[in-house]
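Quick one: this structure, given as structure tokens, is what I'll be asking you about.
By written order: A, B, C, D, E and F. Residues from 1 in each chain.
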Amino acid sequence: MSPFDREPGQIKASYTAHHVIEAIGQRLTKPLTFMEVCGTHTVSIFRSGIRSVLPPDLSLISGPGCPVCVTDQGEIDCAINLLDMPDITMATYGDMLRVPGTRGSLSERKSEGKDVRLITSAAQALSIAEDNPEREIVFLAVGFETTAPATAATILEAAEKNITNFSILVYHKQTPPVLEQLVKDPDLKINGFILPGHVSVILGHKAYRFLADHYGVPCAIAGFEPMDILLAIADLVFQHSNGESALHSLYPRAVRPEGNQKALDLISKVFTPCSARWRGLGLIPSSGYALKEEFAAFDALLRFGITIPTPKPPAGCCCGDVLAGHITPLKCPLFAAACTPMTPVGPCMVSSEGSCSAYYKYNRGGASPWKRSPSATEAADD
Amino acid sequence: MCLAVPHTIERILDHNTVLATAGSVQVEVRVDLIDSADIGDTVLVHAGFAIEKLEENDSIELQALWNEIHLYSEKSHVTL
Amino acid sequence: MEKVTLGHGSGGRLTQNLIQTILSVFPEQNLTSNLEDCALIWGKIGVTIDSFTVSPRDFPGGDIGELAICGSANDLAVRGVLPRFIAMSVVAEEGLHMAELSRYMKSAARICEDLNIQLVAGDTKVVPKGHVEGLFITTCAVGEQITEESLGMDRLQPGDKIIASTSIGRHGAAIGASRFNLNPENLKSDCAPLWPALKPLLALKGLRCMRDCTRGGLGTVMCEWAEGRNIGITLVEKQIPIRIAVQSICDILGFDPLYLACEGCAAIAVAPDDADRALGLLRESSLCEEAAVIGTVTEDHAGMVALQTEIGGMRVVDMPVGEMLPRIC
Amino acid sequence: MEKVTLGHGSGGRLTQNLIQTILSVFPEQNLTSNLEDCALIWGKIGVTIDSFTVSPRDFPGGDIGELAICGSANDLAVRGVLPRFIAMSVVAEEGLHMAELSRYMKSAARICEDLNIQLVAGDTKVVPKGHVEGLFITTCAVGEQITEESLGMDRLQPGDKIIASTSIGRHGAAIGASRFNLNPENLKSDCAPLWPALKPLLALKGLRCMRDCTRGGLGTVMCEWAEGRNIGITLVEKQIPIRIAVQSICDILGFDPLYLACEGCAAIAVAPDDADRALGLLRESSLCEEAAVIGTVTEDHAGMVALQTEIGGMRVVDMPVGEMLPRIC
Amino acid sequence: MSPFDREPGQIKASYTAHHVIEAIGQRLTKPLTFMEVCGTHTVSIFRSGIRSVLPPDLSLISGPGCPVCVTDQGEIDCAINLLDMPDITMATYGDMLRVPGTRGSLSERKSEGKDVRLITSAAQALSIAEDNPEREIVFLAVGFETTAPATAATILEAAEKNITNFSILVYHKQTPPVLEQLVKDPDLKINGFILPGHVSVILGHKAYRFLADHYGVPCAIAGFEPMDILLAIADLVFQHSNGESALHSLYPRAVRPEGNQKALDLISKVFTPCSARWRGLGLIPSSGYALKEEFAAFDALLRFGITIPTPKPPAGCCCGDVLAGHITPLKCPLFAAACTPMTPVGPCMVSSEGSCSAYYKYNRGGASPWKRSPSATEAADD
Amino acid sequence: MCLAVPHTIERILDHNTVLATAGSVQVEVRVDLIDSADIGDTVLVHAGFAIEKLEENDSIELQALWNEIHLYSEKSHVTL
């Protein structure tokens, strides 16, 4: 294998992309707006410059697909309050460090000497607990259905090993309820969903069928290579042109129609659905996970007798509207002015998967000449 | 929202951990979430856990999509 | 009250801000000239300084001692300055094993011998446990410019070709892998002295300027050129050499290889007519077999770097802002 | 397994050992030439490097920024080298207040302006909380030798007079006082640029060599001269200028003022005929009003420094070994 | 006051020293050996080069006057064992840090990250305890009668303030018993004692009278300026020449005949005499201080359930003989060879008040040409 | 064994602490061990505690000693 070879089996994008793009252009007959609801899709779309190759009438908007962004400000505040208690070590995933709560971010606390550990796997959080018996390790767990099973497995392991200095702030969220809220939103015209491939690996097809079957919106489950996304866009355009509204599985190499039953079992063994507060979107019923009573010992909220406050969001920040798909970041009055990656106001500018961050970074704060699609969106917005 | 990368299983470490590689990068991966893990399997790894095996499945929808795309080009079908 | 953050150290825009903050209080400074890799004093003498705080101190493909010499010597090399002398200051934490220190010094000495660089001045400080993470080394390299004219970004012209002297991101990927317990079989830092490979290029009339793509990576260097000179640069994604192990680490951790540090890779701008010849000369060095033309200087999109992606799209390559953190979800 | 200790950082014999350990792996090194304050490259260009890790960063009479420029500029000045250029590398701990950093940079810039020194190269690194104690600065100063012949300890001859350019130990005493919560009313670090005061001496034919008495103090410099050249030196205790506050701090903490660091005091060796003239020239500078002849180079007791004490006795002034710790009982 | 002025009221040594030296020379009629028993005297004698101005027949030898040197190796080992327990912060005076026990020094432990604080006053140890309620602060207290009252005052304050995370390793020692052991030593011919001025400030005259009255050895209580010491030497020479053997007080500006009753009261309020082990000299009855039972809560040995081991001293080290005055450091086979300040074997080379250190430092390991007095001692030794 | 330095009391801080100076160096000093502490007193300070007041006392022995010394020199008595 030559050192320049990429992953074997991937689509060699440049050989085929232009055919897909050409097909999209030819079959698009009216302005359409599709929403991707996975942050990894958002990043892939921007990094591969997909918007720049799409026809102006085709708009892509980003949904609440970045778990960092949708983590409520009160949830961050709660984590920071916890960190102010003695002997606490907090373990969490990368981007969570920078998200601002009311009193700054975890990263700021870390820079003041608090013990915040960056992990890349839930299992590491438990190892930290085992290695530091004299400290209280709190795992700040975020993520959607893809990530929740790992947390569940870790809790089961902690219970089995009888580890007593380990607890969790469960900030996991479920995607179908928020998609239902979006599709019911009268202010939002979404003509198709690019569905998250890895959440679908867990949930299978049926969790999303209601979008096509009940609300008549074409859906495509997509992988994350630029070609995967182009194919999904083509599929949604074709569905419109063919008058269909179905759920299409375009990521069969990973997604089984029935999902991952073992992961789903783990989730339901450890968690029970609960309502959850999403940044900007408010309280959504059955969109969160609570620890079952038998695992209450691992609930950091109970263990430390704290609650999640409901603070005011930063003045002027439109993250809620951005996450709800009501506006693109370009419409936020703070975007690229008061709010830049250097001076982020809301989480959508902080997280590397946040829409505002992506709009800024890959379009130079809206100043780039290659943004046919976003400007089309703007036109649609007005 | 969920970065996941294909890894090939190289070695079974214990009942729930394997050594897997992604493009020559070796990582310990937990396999609690999948039914079985064998050497040579390609698994999708998210946050240190394999969440599914990758297989060369095709879907009817995907085949149909490629066919429709090829109406607009002279090139032949490129399989995934 | 504003504080220094790790983002200020990541090599991108916050680093520029920090540098600007510092320079603003000194007389007669301008940021652009300070963004070149070394200063040229008395017309023909190159001077550069860098502190090396790499963690871990031993990494696949090198160590802090080797890096400390390569880093500063390379900053001279890319401006056509023959590295001749090194001044080195060592700040060690009490408790550091003398044998470990000696090992790094041997690595440093080996590079000095290879390049015929003389260690002429030094300093050692020992600080109490906890006041430094083991060992920091600062080197200042001094040498003589051997080109007629001084190389620098002021020489960039639309149409110039951009060459990467080798595949990118290997140092940053190796360090990232060490930090996050990834174990890449074939990945080593590219840490190496650039002078032997770059010296032949200095004879090319069309050679405009060169930069070693250290902290902040190729992407940051490109942005500094585009912004510093208010020109456009277009890179072509599929022409940028990236090794599979580097790409895998980026996939796993959610990093962008364009921003990963290199320690033995230079970005080189040449007149279009000299591009092939430059490539040929580079490839004679075993370190630069992967050299490739990766982009072009343009009049369009002045002040901006564009990437033509594999699917044929275009997007901005902006200067990174914060610290690169692993992305999971 | 031998470890680096704070004693290795205290400027005396252990520091020499550490330097020797490092130098031994580099080609063509000799310790004596490395003990001069700066290297002379290409015959006439002075180069020196020093890392500044002073704690506290603000001390009576100066701060780390001022010190970082004075320290390196003085290392040039004492070899008759006009300081012209500074390269500066800053390693900051995340969380450091930007305003504090700016303040130090202003201090540094002020000295640069006073001396007409240009900042030509720089580097900034930010390291995670706990990886550095706030802020370390490394400076490398470059300048041009303006004397005909190079000043250095090889020029010392029996009969030469030793001059202290001002009263000794003020920097070390000020730092020691800060660390041990003593509050000396009239004590400030002597931290100051030496060039203006030393420049007039460069015209003296009889000027042999000079050293700034930094870490390890006057005593260590004298030992380095005596041992480096295998000559004797006799100091006369009652002629050594020591301010009362410095002496009091030494009394309280059990320190020997001969080993306390100075940052604005040079030891100067001159031919006996030029001693008075040198003293006169020095005293024209407000920084050197306390200048005094403090001793003589001898053929006797070669390799050793003697102190003629106030009661008329003689004893050795040896190079210090460990870290100076307060003595209570 | 000019900046060069020293402490007002001090003797301007150079104006008068030569008269004293001349008188000493003229009145010395036979070889005499005096012992100074205070480390501060030892340092002052070396730093002022007093030996170099004395007649060759007059020898000065150093006694067990450095509290760092006489601290038994087992006592250091005990402190280091304690430091290996969790949450211990140890506070002590400067030179104690470097003294080697069997398993290295406190300084080495500090360099490995243990919390060892250098203090310059007993009161600081208590402040550290007050400031760090979550840690156990152990004050390693060394020193003779001069230092013990400060420790006593600190213990009383801790008791009064009810500070519960503070305890003490009481390694204080008493001087009269060890002087009695020295004066009774048949291998040792001491013709006069230069008595410690600051111990005398506390004890007054009567504690030392037995040396002159019972053992017939002339004694002079001396201050610490070079001139003070020269005067004491002159006094002892004169006593011999006059056939006297008295205790003379030559430090009346500080020493009251009755001592410092308040300090003595504090000592006896808190401590009770006990036997103590001196490095090299062994167990000496009534030469140490133990905490009275009512202060047992502050006894670190009891608090942490540890005992002081009795390890073997380092092979070849003659610190015991040096401290007992049997030999000068020059006679130790390791001196300036295996044992140097860079590679110290015994505490006498480590402590800045240690005889071996002083002999090395101020005589360049015996190589200096200005050492009339020590070589005379050597002659006397042979 | 017992380094002690003369300090002059400048300010009374509380019942057992004063501010004292030694050659312009200001230190907090504990005065528990002495009978009284007044501004202007010169005290001998050891390890942060005043252990005695310094007074211009002379002793018979010291006077005698000086007299004996002066038999061997022409200079007049220098008082302490």
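FYI, a contact is a pair of C-beta atoms (placed from the backbone, for glycine too) under 8 Å apart; a residue touches a chain by one contact, two chains touch by 3 or more.
Owing to the predicted nature of the structure, the values given are computational and were not obtained by experimental measurement.
Enquirer: If you walk from chain to touching chain, how few steps can bring you from chain B to chain D?
Expert: Minimum number of steps from chain B to chain D: 2.
Enquirer: If you apply the touch rule, which chains end up adjacent to both chain A and chain B?
Expert: Touches both chain A and chain B: C.
Enquirer: When chain C meets its copy chain D, do both sides use mostly the same residue numbers (more than half shared) or mostly different ones?
Expert: Here the answer is same, because the shared fraction of interface numbers exceeds one half.
Enquirer: Return the chain whose centre of C-alpha atoms lies at maximal distance from the corresponding centre of chain B.
Expert: F
Enquirer: Could you work out how far chain B has to rotate to sit on chain F, using CA atoms and steps of 5 degrees?
Expert: C-alpha superposition angle, chain B on chain F: 180 degrees.
Enquirer: In angstrom, rounded to a whole number, how far apart do the mean CA points of chain A and chain F lie?
Expert: 75
Enquirer: In whole angstrom, how far does the Cα centroid of chain D sit from the Cα centroid of chain F?
Expert: 35
Enquirer: Just how far, in Å, is the C-alpha centre of chain F from the one of chain C?
Expert: It comes to 64 Å between the two C-alpha centres.
Enquirer: Measure off the straight-line distance from the CA centroid of chain A to the CA centroid of chain D, and report it in whole Å.
Expert: Those two chain centres are 59 Å apart.
Enquirer: In chain F, what residues contact two or more other chains?
Expert: Those would be 1-3, 22-23, 46-47.
Enquirer: Counting only residues that touch at least two other chains, what does the list for chain E look like?
Expert: Answer for chain E, listing residues that touch two or more other chains: 6-7, 39-40, 67, 93, 111, 120, 143-144, 146-147, 353.
Enquirer: Where does chain C touch two or more other chains at once, residue-wise?
Expert: 3, 5-6, 94-95, 128, 130, 186, 244, 247-248, 251-252, 254, 327-329
Enquirer: What pairs of chains are touching here?
Expert: Every pair of chains meeting the touch criterion: A-B, A-C, A-D, B-C, C-D, C-E, D-E, D-F, E-F.
Enquirer: In their shared complex, at which residues does chain E touch chain C?
Expert: Residue positions touching the partner: 110-113.
Enquirer: Under the stated contact criterion, what part of chain D meets chain F in this complex?
Expert: 177, 181-187, 244-245, 247-249, 251-252, 254, 327-329
Enquirer: Touching residues of chain A toward chain B in the complex: what are they?
Expert: Where chain A meets chain B, its residues are 6-7, 9, 11-12, 15-16, 19-20, 22-23, 26-27, 37-40, 65-67, 93, 120-124, 143-144, 146-147, 149-150, 153, 196, 198-199, 201-202, 224, 231, 234-235, 238, 246, 248-250, 252-256, 260, 262-263, 266, 353.
Enquirer: Would you mind writing out the residues of chain C in touch with chain A in their complex?
Expert: 3, 5-6, 13-14, 17, 167, 180, 186, 238, 241-244, 247-248, 251-254, 256, 290, 300-301, 304, 306-316, 318, 321-322, 325-329
Enquirer: Write out the stretch or stretches of chain B touching chain C in their complex.
Expert: Result: residues 1-3, 5, 21-28, 45-47 of chain B touch chain C.
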